[in-house]
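To keep things simple, chains are lettered A, B, C and D as they appear, and every chain counts its residues starting from 1.
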Amino acid sequence: MNRFARIWDSDVAWSFRHSPVAMAAAFMALLIVLAAALAPLIAPYDPFNPATLNLMDGFTPPMEPNMISGNVYWLGTDNQGRDIFSTILYGARISIFVGFSAVVFAMVLGIGLGLTAGWRGGWVDSALMRIADIQLSFPSILIALLIFGIARGLIPPSMREDLAIWVLIVSIGLADWVQFARVVRGATLVEKNKEYIQAARVIGVRPVRMVLGHILPNVMGPVLVIATISLALAIIAEATLSFLGVGVPPTQPSLGTLIRIGQGFLFSGEWWILLFPSITLLALALSVNLLGDWLRDALNPKLR
Amino acid sequence: MTEPVLSVRNLIVEFPTRRGVLRAIDDLSFDIAPGEVLGVVGESGAGKSLTGAAIIGLLEPPGRVAGGEIRLAGERIDNLSPERMRTIRGKRIGMIFQDPLTSLNPLYRIGDQLTETILTHEPISARAARDKALRLLEEVGIPAAETRLSAYPHQFSGGMRQRVVIALALAVDPQLVIADEPTTALDVSVQAQIIALLKRICADRGASVMLITHDMGVIAETADRVCVLYAGRLAEIGPVRDVVKRPQHPYASGLMAAIPSLAGDPDEKLAQIPGSMPRLGAIPRGCAFNPRCGYAFDRCRTERPDAYPAGASQAACFLHDAASALPPEVAGRAAEAGIQVARVPAEARP
Amino acid sequence: MIARFRTNGLSMPGRSLLLAAAASLLLGSAAHAETLRWARVGDALTLDPHSANEGPTSTLLHHIYETLVERGLDGSLQPRLATEWSIHADDPTVWVFKLREGVKFHDGADFTAEDVVASVTRVTSETSDFKGLHAAVAGAEAIDDYTVHIKTNGPSPLYVQNLTNFFIMDKGWIEANGVENPQDFKAGEEKYTVRNTNGTGPYVLESRDPEVRTVLKLNENHWAEKPAVTEIIYTPIKEAATRVAALLSGEVDFVQDVPVQDIARLQETQSVAVTTGPENRTIFFSYDMTSDSLISLAGDNPFKKPEVREAMALALDRDAIKTVVMRGQSVPGAQNVPPFANGYDAELDAYGAPDYDKAKALLAEAGYPDGFSVDFHCPNDRYLNDEAICQAFVGMLGRIGVKANLVSQSRTVHFPAIQNLQVDFYLLGWGVPPFDSQYVFDFLVHSREDARGGWNGSRYSNPEVDAKIKSLATETDLEKRDATIAEIWKQVQDDRVFLMVHNQVLAYATKANIEIAVHPENQPSMTNVTFK
Amino acid sequence: MIAYILRRLFQSIVVMLVVGLVSFSLFRYVGDPVATMMGQEASVADRAELRERLGLDDPFFVQFANYLGRAASGNFGISYRLQQPVMELILSRLPATLELAFVSGILAFVVGVSFGVYTALNRSGMLSSSIMTLSLIGVSLPTFLIGILLIWLFAVELRWLPSFGRGETVRLGYWTTGFLTPSGRASLILPAITLGLYQMTLIMRLVRAEMLEVLRSDYIKFARARGLSNRAIHFGHALKNTMVPVVTIAGLQLGSIIAFAIITETVFQWPGVGALFINSVQFVDIPVMAAYLMLIALIFVVINLVVDLLYYAIDPRLRIEQSGARH
């Protein structure tokens, strides 16, 4: 059996093939991610290049020609004359990038600290877990706000626009590492005392190798599940932060920023500015969440 | 002959999986007489625990009884409604699980778990239930039972917990107790005590016991009869003495040979059965044991054996079927090994 | 007319109709209880009349306290507690005020000249937030019960224009409560005046829960005509959407801060009426046109070149901003002063259509054929659609090759950055409470020295202009003064110190049966509300 | 036990000091309060003088030390914005937030647990799948949007419920409550749903996962083998064991509810501490921001402590280990 066939035939893949919800969710997520990734190829306009925008095209309803320029936009335009469809693609690109990077950041940090805490034990463990306790008990949105505040103070204004996304990633990621650390630490504690690890220790296998080779693979299941759920959370967190006015720059709106802009037009009749980005965000977050749900069940053999 | 407490006939347990339906138990039949202790042995995966679960109606989905009958004192119980079955569990069939550490709800006091069980099945007052719980604890040998009633499970040692589990399983005097590896998780030092307790308490109540274990020592000590399972099928069933000393099925024979005997020669080499038990999805045609069997001949590879009388036992092996055309060489070796083949061809006689 | 009672949050037409019927039976037609539920974005910060020079605070206080003079709907000064005012015939450094007689404070005390003197003392004290407006004051003197002299350091012909938010307190009450000074944060104690009031105004404070609800009741003893509104329930609602929702659902009667994008829709809504009018606030861009180099751009300062400034002006499409960003709710212009202020010149205010080709040519001429890149600072929580205006201009600049990196942040960061000269290019809004160009020149044009030039982020420094600006303060010959103002404006426009965008427009939304006129200083008085 | 509580208290104080220090180091980046405290006429000198008087030019640790010094004597200062004592402001706003958080928490807990139990017991049912999927919608949209949409639907279009505020409140000593008036209760509904939705989904999923785990445990199997009724097994044994971790996490979530109230309170103009905080941030009202963050830290510390004690009360295993450890 070649590699592909083996993956295809694995339990997880089988469970995937037999879950219409998971397949629909994966299709939706893939569609949005692909569309976002290929935004420069698909999008009819480049909404992030202010020079191409024509303000007079602003507030054009979907599928109707603009009264002045006569341009037609599938999903209409926003208050700056940006094509909503293109902006959604580019915005989703930012949201996904921020969400994904934040989760990877949180995951790497969480796994690293979790392994260290579990493996080293002693005061390292206590210190790390105390920090985790404190942070876990503090709402992530506040932590992200605080970190964003620090970063804003440290970065000169001229670099803020370029660095804003990275600041967001770090803010959300730092607010999110604890879950990973806890799971990994727990698993490490369990594995550490198993005979094979003790034996490996006796024959002098290097700790790093042991941790990476033996313990890490054992915790990848739960970590993956947390990562999926966190991805959805991170995308929403990015939206919430931008609602509080600390998100990405307005010239490069993410989905969340678009929604924040759009909700100002809820009562003024320009429903498309709010509706389409909201649907996209909903579809994205929902499909990622559904995938996370399915993955949790699929990776837990006892529930199968 | 008195009516058996438990009568299992042609039991089939299946698991529908994505690779097709797996037969975990295939055409299994046995009886347990009143007051009798039946040992059920076999390797892991042979279907011992599943048999127990099937009898008490606690097969985990998607597992299901796909055929055959289970009768409890003559009454068919495999097709009862879940609610009717529930009234039988605990009341008429008790069950003891492997790990006493996890069998008790950690958040409930011992006394409450006992009285709850008693009150579920007996229309008596809470007070009376409590008294009964106390008597039960005393009976299973818990010291200071009065005060221990209000203790939580984690406050007991493993052996003590298993005593509590036994008390719980026997709280309302079931006719049959299924004990699934009751001592496996315990220290060797307390294993014997627990087995003795189980045996005594069941004997006191006249309850039959289905003792599931892979520990032949325990079987030899405790059981009246033994049932050997292989790949979900019956290999051999018979009085404990016969099966242990003179196993008639080549698999049983291999199994017994693999047990170290304390009294025996320390230099004696333990026999080993070559190969391993097939996975459920890959059971060979004919006799499930045939690829590993030293006596297998053509018929074993095409036809599935029934259980044939073999000495005091019954064995599912063509060696014991008079209709088999046994190759003389096979019959000879079998006889040498103490297997009472059905009909020894004349030319093979020494 | 149906008397409307305050019901619990939601209006219940049936019930209030019944109640109204009962009420009119009981009270007859003379005493209608008219409650006005008034919502705006923020609350008054304090009830102390002299410790927060902030619009919403003054607006609420105008209903409780009164000023000597007030700004009429046409922008002119109107008598209030002062019936007449003039510069002393013999001494140009003295302002003479004749006070209204028969006025009483809410606690019953008579209003006299001593109260004005005490209020002047208080408003010029160290912890007053209005002391800047009274910087010229040397002292006040009660000549008789109803005549007050305010002496200034040198002639101050425009001083009276600074008094439209100068509230008069009762001397006896000040002394009795030990509130001679406005709030001092360092002391760490709350002043009695933050929550307690004693004014002469048309309404009396009934209850106050800061940022939740303030209730004012009619002052039955007020000297003026009885207003239609007898009770005011003032509720701040921060979120624009929620504010509009509250109006649409009938939970409030009057929304003072209507998001511009909602105006058109609200106008179409039957149950709602929208009134708009010009506001005393200009929105403009400015840039460091003086330093040799910029903070955010290495090399020479492009804004130093007149061609670059002209090119930027040619790139600004004011009409597009008005139509799209402001939804038609703005008065575009080129002169950085409101039309009703002294010194406004329609000719200077005229603007042309954008000309991107010419702008590009000018940039090339200035040595920037490919444009340049610069940071562009913008507040995002201060003016109407401030961030969207900046974004729109970023796009327009993009078309002539100028890359403006938008730094959009809170006013609490934006304003200090301008004051501390930490920005190269920015948006700012400017209100002109005295309705005179001098106020614009003092803060935005004069080079930075002493009290002047504090908001001059352009670093514009022209000694000749500075001298002219200084002369305005003491010039009593108004014709001559106006000529100087015109000269200064000419120079300022020629030098393109500002890139003016528009004047803001105010929009008040009410229930359809309520009429209220837009006040140019956005200080509407509920005494002017009428019910249809 | 006492030593344990003392140790926790000590840790709590450390946590609060850290929170305070971090917040103080942040304040200078939020902006300059003087910019909003003074009118546009204020001169550069006036501004500098006010900044000096407020001690804003001091290094942040000096400001922090001063703050701690004053706070230790119970003086949290005067709000730069509202010119009232900070403690009084916060105390007057706290009931609104606590009532909202309480109702949201109860809503999230009751609905979350019920749905969680239902979906765990009926794993493959249509209704279960629908609940599971629908509940995800609640966490797939940002809170502020849900709030606005609820207002639009229930206040503007249907006119069933108020769009903002707390309605009429009744003062009971230091506490103002909205529970006692019809408008107060009506006003609670939309914000409580908005705030509770996320936690509800979280609790529901947690309950379901824990319950499935518990239902597979040996003691449940043993309970079934003893013939206990489904009712006794599901709602007696399984639920109780499920609730141990759920109560812990739900308790901790109460803190999150209070923190997330910032957004809900802003959207619904709910006069609580969250809205006070957001307004203070925009004004750079340092005394209020500092007190709010300390208050949140305090609430978290208290909740953590209570949850720990609760855990200790529910789970007999811990009780023994704790006392055993003291021997």
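By definition in this document, a contact is a pair of C-beta atoms (placed from the backbone, for glycine too) under 8 Å apart; a residue touches a chain by one contact, two chains touch by 3 or more.
Treat the numbers as computed from the prediction; the structure is a model and nothing was measured.
With centres computed as the average of Cα coordinates, no chain lies farther from subunit B than C. Here C-D and A-D were compared by C-beta pairs in contact; the pair with more is C-D. Among the chains, the centre nearest to the mean of all shown protein C-alpha atoms is found for D.
Centre-to-centre spacing of subunit C and subunit D amounts to 38 Å, using the average Cα coordinate of each chain. A straight line joining the Cα centres of subunit A and subunit D is 24 Å long.
Note: centroid distance subunit A to subunit B, computed from Cα atoms, is 53 Å. Centre to centre, using the average C-alpha position, subunit B and subunit D are separated by 55 Å.
Contacts with at least two other chains are made by residues 241, 245, 248, 381, 410 of subunit C. Residue positions of subunit A with contacts to 2 or more other chains are 263, 266-267. Touching two or more other chains at once are residues 30, 148, 152, 156, 278 of subunit D. Contacts from subunit C toward subunit D in the complex involve residues 8-10, 42, 45-46, 48, 51-54, 129-133, 135, 183-191, 194-195, 209-213, 235-239, 241-243, 245-246, 248-251, 381, 410-416, 419, 430-431, 443, 448, 450-451, 454-455.
Contact residues of subunit B toward subunit D in the complex are 56, 58, 86-91, 94-95, 97, 99, 102-108, 116-117, 120-121, 152, 154-155, 165, 168-169, 171.
Of all residues in subunit D, those touching subunit B in their complex are 217-230, 232, 236-237, 240-241, 244, 314-317, 320.
If you check the complex, the residues on subunit C that touch subunit A are 240-241, 244-245, 248, 259, 261-262, 264-266, 295-296, 317, 320-321, 323-325, 327, 375, 377, 380-381, 387-388, 391-392, 394-399, 401, 404-408, 410, 417. The touching residues of subunit A, when paired with subunit D in their complex, are 21, 130, 133-134, 136-139, 141-142, 146, 149-150, 152-153, 232-233, 236, 239-240, 243-244, 256, 259-260, 263, 266-267, 278, 281-282, 284-286, 289-290, 293, 296, 302-303.
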